[in-house]
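Here come two complexes built around chain A, the first alongside chain B, the second alongside chain C.
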Partner chain A sequence: MGFPHPSHPKETVLLSKHFGEPGARSFAGWTERGGYQALKKALGMTPEAIIEELKASGLRGRGGAGFPTGLKWSFMPKGDGKPHYLCCNADESEPGTFKDREIMRWTPHALIEGCAIACHAIGAEVCYIYIRGEFTDPLQVMEQAVAEAYGNGALGGNAFGSGKRIEIVLFRGAGAYICGEETALMNSLEGKRGNPRIKPPFPAAAGVFGMPTTINNVETLAAVPHIINRGAVWYKALCLGNPKSTGTKLFSVCGHVLKPGNYEVTLGFPMKELIYDLAGGMRPGRTLKAVIPGGSSVPIMNRAEAESALCDYEGIVEQGSMLGSAGFIVMDDSADIVYEVYRLAKFYAHESCAQCTQCREGTAWTTKILERILKGQGKPEDLDLLLELSDQMTGKTICVLSDSCAAPIVSGIKKFRSEFDAYLSRAKAPALASA
Partner chain B sequence: MSDLVNLTIDDVAVSVPKGTMLIEAAKQAGVLVPHYCYHPSLPSPAVCRMCLVEVEKAPKLLPACVTAAAEGQVVNVHSPQAEKARESVLEFLLINHPLDCPICDQAGECELQDYVFQEGRAGTRYSDYAKRYNPVEDFGPDVLYVPNRCILCTRCVRFMEDVAKTPVLNVSERGDRAYIGIDPGQRLEHPWSGNVVDLCPVGSLISKDFLHKARAWDLDKTASICPGCTQGCNMMIDTRDGAVVRLRPRANLEVNRHFMCDVGRSDYRWMNRGDRAEVPLVRDGQRLVPTDWDAAAERLAALVQSAGRVVVLASGRASLESLGWVRRLLEGRQVTAAIKVPLGDEAPLAGVPDLALRKERVPNLDGARLAGYDASWADAIGRLDGASLVVLLDVELMDAELDRAARAEALVALTTLDDERLKGATLLLPVTSMVEEHGTYVNRSLRVQRYVQAKAAPGMARAAWWIAAEAWALGEPGRSAPDTAAAAFARLSETIPTLGGMTYGDLGLTGRVADAAARSAAR
Partner chain C sequence: MSSGSGAPVAHETAHEPVFAGKAKQRLEALYPKFPTKQACLLPALWIVQEERGWISPAAMAEVGELLGVTPAYVRGVVTFYTMYHTHPVGRHFIQVCTTSPCHLCGSDEVVKTLLKETGCGELGATSADGRFTVIEVECLGACGFATPIMIGNDFIESVTPDRVPGILAGYR
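Coming up: the complex of A and B.
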């Protein structure tokens, strides 16, 4: 990945190759590094050919859900006469995840190029890049890059002389976590409160401003130029045994590791090597206790699960969690799982949009119960209550924020029950002062 | 029949039009899916999650309000999983609810109460914590917001935004701190904003006018028609111990959907007036002396027999029956008949086609036309001079108009009010107001709609149609007067072609368009 640590030999650097090179940020610098060849090539291809290439590459969404990108693009209606939109989800608000930020900071033109190719493929003339409100630095870099792309004819009414109109509009969010959910993002973009929408209709039928829309994550779009340049066959070959998970992926590793940072490896890479070799392993004298691998919205993995997991969409599911955004929150034996779960629940309670009853009330209630356990005031029935509330918060709401709050709670209790019991039995001193 | 889909809901097979949502399809199966945010006259946000039902082969519970019925679907509203989910939603809704039912206006007609009694938990598991508290807000001239009772269903927000098209309400804050906010500097002053009180499924949005007036179980409810304008909104009259305390809209998808304007709903105090005419009075020289109805009818019949030119001035609030029978009583005379039509500003409800508080502030303008009240008010007043008989049907006249009317050879005043100014009349006959009688109005779309008696008539007051018909029967041997409003209507309906012989039975309580009836009769 090259920033802030030098690339590790076990990495496969594709997206992160130019991280840390300020020269790659300019249009000229990007062109020198082979940039915009893919866009020029794509503009000479039919949209159908591009979509077929994407389908064949096996590229799946890097935002969390892992939906096949080419298939998503193919859902866009053809010849409907309506304006189509591309949305780039650059809201990256998932705790523990910081990969899109680096893509925008170091290789803004990679994203612009990916957006432009996607626009052509889905018949969109306008792409909105929804950037997280707190991303001041990435926003400035992106603004500069978009201006340069217009100035050099890559964007505008006649992109690279192709006759195609491709516009990119940068939109700065206001900092709500939920605006990273694709339909809340669209509402926010339209100037409405960032509440998730009911699906159906799906974005391909009615997205931004009610028009057919494709929404992709930053990392997904940044991977597209590589596939166009080097072909689906090459990309699909970037695979460590699981043909359903192809290509490279940026893993944001944070927490109790010696070298936190973004690491780019081929999907299927062993989590154990990622944590111990690439990210430098545990601090001296510490041992691995748990990993939350998908940002914070997925079940917690215990040490055994983490050390035997393969880092791809299926591999992590096999070990009891999900890949999600691939932001690894690594915890060593100094971590207090009850406190960590409480901290996450508190985050979700703060960020709940308040639409669905279970989420609005459930995130806050579970937080209060966890708080009372940490204050040494827990009741014997609290864990059953937490599990029951979590069950009712799962799979019952418009979006998955509520499920995301429940996942760490349920997995925390199931995999680390003794830590909860220690507070409940008063064997452990309260971690929070009672008011 | 390809536009129908067949499905099974709680073991009942139903066929519904394609696109019907499960919550509506369930009604056909006789199953009410508990719900809060769903309302048939508002867009569905599917946020309360109360209407989650089990659909076989679906991986999770689905919200019945936004899930379209599909061919072959097997839906279970009362599966253990669905019931558990509803019990849980109710528990979540109650943890921050103050449970102040004993002092809440909504108690007894509260959907939170109802469903909790039906499917909720008996006890709380949230006992250690203080409930969320926000102070009461004054939202508008008649609306208070009690945030502590709010379940954030957002019906009010959607009504103002999507129906009134005046989006002044919003959801403010997030998570469990959320509440309904009103935009800075705004008030709920839209002429239809009172509907948010009806739409609120709990006691969160309440009417200042109705505040602490009655418990829901003290109220008698009567189907009626708003007498406020020519729109003819269907309404419910709520009376407590014989006094009208509240008017609320009654659903009629053809006329007013589920809504009613604030002018209509607030205009009920006249229904409880105490200064009423209660005894028929007949002129004896300088005095008006009390009499019985037989004598009064005879005197009326005699006045009509001897009358030359007649002017009838009627209220537009009079029923079709009364207008029609007064007119029939005068058949064969030279008659000028008009109703008084007060005018006001039109106030449309933007999101519903053809729904407005209308300029013409009477309910029976078209009924009067059908009954032969075809003169303009000015013309009729002009004809007062030299008239031999003037009949007033509960109409309020200006002093100058009344002076001219009193110069006629005979003045018959059918009146609800004990009005000193009418003491010059030849006959003063106490009649019922629309609250005290059965009757019909014809709205601006020629929809004939029944209203039902909601309270007892004072003293000896009778419906004007009954008095007119009794006198009419005396006019020729062999005539018999109708003795019910239904008969009075049916006999008018036979002679007014537009009505095409329709009866109360045809009208039901949501009415029927007269033209369509005429066409079907012709066929």
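Coming up: the complex of A and C.
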């Protein structure tokens, strides 16, 4: 449902069905709503059978990368005698994205159940759920739910009498966007600065504490119980024509729309309907100018691209951007693209972990150049300089934070060049006061 | 990470150990949850901040001693994360999200109103009565509920300038 708004008839609600129902937060309430049937069923299945089911369902990672979940789980070594770990990435910090927060604060047991099933499938006894430090309410709800899950035998040394040990440990982050990068998260969990690691080795070979690890996003794990309950064939049929993008997805829509919220639709849903019908469209007298659809780390789409895109992994790529975490930042004609690009560059400059030169210097310098353009002090060559810097920031670093900074800059200049030119030619008054 | 790390580190006059009594029990209860002691570093720092309001160099040394890492290592970790305070802050620490989605929805006006109503005047400053500190923060992850602010551990959604006086009244 389009929480905090009532469900829209065009939504397909699986994950968000119980958003806004405080009763769904308790173990008893969750069980009444059909909860924990999937975990019980999964504990009677072999890990291989679960992984095959996941592979057949077509479920792909909902955190941003869209990697096939079953395939990721299958990379975990078998019979290696080492402890395996599951990490749940609940460090939701991508500007524009606010879906995992709702899953945790309304349906905590859906996540616990998904984590427990994943643990069984990958041979892990311990799952760490890394929750961003600012999410105080979701953390509290999760703490209560985990305690209840232990109290009712779903977790612990003998989960639901299966003989399997499944533990869930909640871990509070402390304010660092980069810890949403999987290997930075693992470093943080180990008591280190959240610097991303060079890959390989990939987590399945050497993840947290050097051991084989699978890391999944909250929404991915919350979808798993539905697949176990109703089967891969049913899930795969939730498809609007593109067999590579199956199932439902939560789309966080924010910015200049009348009804910002989380909308759950089948992948492949038209972006135009999502923005105008579900999210209420523009404010009176305003028209759509741009959408950054993947959270902020992807290219900006102009109106024509946004209005013709289909919301799935491939559909958004066809229209010049990426699905990412599906947090739509919607801008109407009152938005200043140059300022918003600057604001995002400033975000990435603040959040750079600073280990790679291209990122540390690139995010800082692009921010400074954009700042000078907004102060009316831009130089004619600044746009070329920004593009050159962005090129140096793309594909050359340990993680993709610096690529993420470059994406809105390059696409902003390419698609909205006249707005930059207006500042450079002094036709437009400075948006920032010069110090 | 920039927040806090550039500021000079404040010092306590005398350090009373944090990890005695209940705080010590809380930390020790964490050890079995992780294969290494160092993994308890972030949780231990949270305990320090809950107990003392900020993390002093002496507290960093104390944590390091308990977990088997050097004081300098602990400081390196503390200053990486924006939520740990390396100096005392106002009793009510207010963080306002101003990243793009909130900026589009008017977060600048929320900041202005908060600075005026708290008497802080400028970002990062503590009000004369020591009650409030206001800072801008990057994305709080509640973009559909613009503008979210945090006051201490309280997460408040959909803040508009006209709601500010009423919200602050609860923290006077």
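Please note the rule applied: the second predicted complex is superposed on the first by the 434 of 435 C-alpha atoms of A that agree within 3 Å, B and C clash if a C-alpha of one lies under 4 Å from a C-alpha of the other, contacts with A are read in each partner's own complex, and residues count from 1 in each chain.
The working rule: a contact is a pair of C-beta atoms (placed from the backbone, for glycine too) under 8 Å apart; a residue touches a chain by one contact, two chains touch by 3 or more.
Please read these numbers as outputs of a predicted model, since none were measured by experiment.
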| item | value |
| --- | --- |
| First, second, both or neither for A:363, with chain B first and chain C second | first |
| First, second, both or neither for A:256, with chain B first and chain C second | second |
| Touching partner for A:384 - first (chain B), second (chain C), both, neither | neither |
| First, second, both or neither for A:134, with chain B first and chain C second | second |
| Which of chain B and chain C A:48 touches, first, second, both or neither | neither |
| Chain B versus chain C as contact partner of A:32, first or second or both or neither | neither |
| Residues of chain A touched, compared between chain B and chain C (which is higher) | C |
| First, second, both or neither for A:333, with chain B first and chain C second | neither |
| First, second, both or neither for A:397, with chain B first and chain C second | first |
| Contacts of A:94 with chain B and chain C, given as first, second, both or neither | second |
| Residues of chain A that lie at the interface with chain B and also at the interface with chain C | 176, 193, 350-351, 353-354 |
| Residues on chain B engaged by chain A in the complex (per definition of touch) | 44-50, 52, 59-61, 63, 66, 84-85, 88-89, 92-93, 95-96, 125-126, 128-129, 151-152, 170-171, 173-178 |
| Complex interface listing, chain A residues touching chain B | 176, 193, 198, 349-358, 360-365, 368, 372, 377, 385, 389, 392, 395-398 |
| Interface residues, chain A side, partner chain C - complex | 4, 83, 92-98, 101, 132-137, 167, 169, 171-177, 188-194, 209, 252-256, 260-262, 292, 296, 327, 329, 331, 335, 339-340, 343-344, 347, 350-351, 353-354 |
| For the chain C and chain A complex, residues of the former touching the latter | 1-3, 33-36, 38-43, 45-46, 67, 69, 76-77, 80-84, 95, 98-101, 103-105, 137-146, 150, 153-155 |
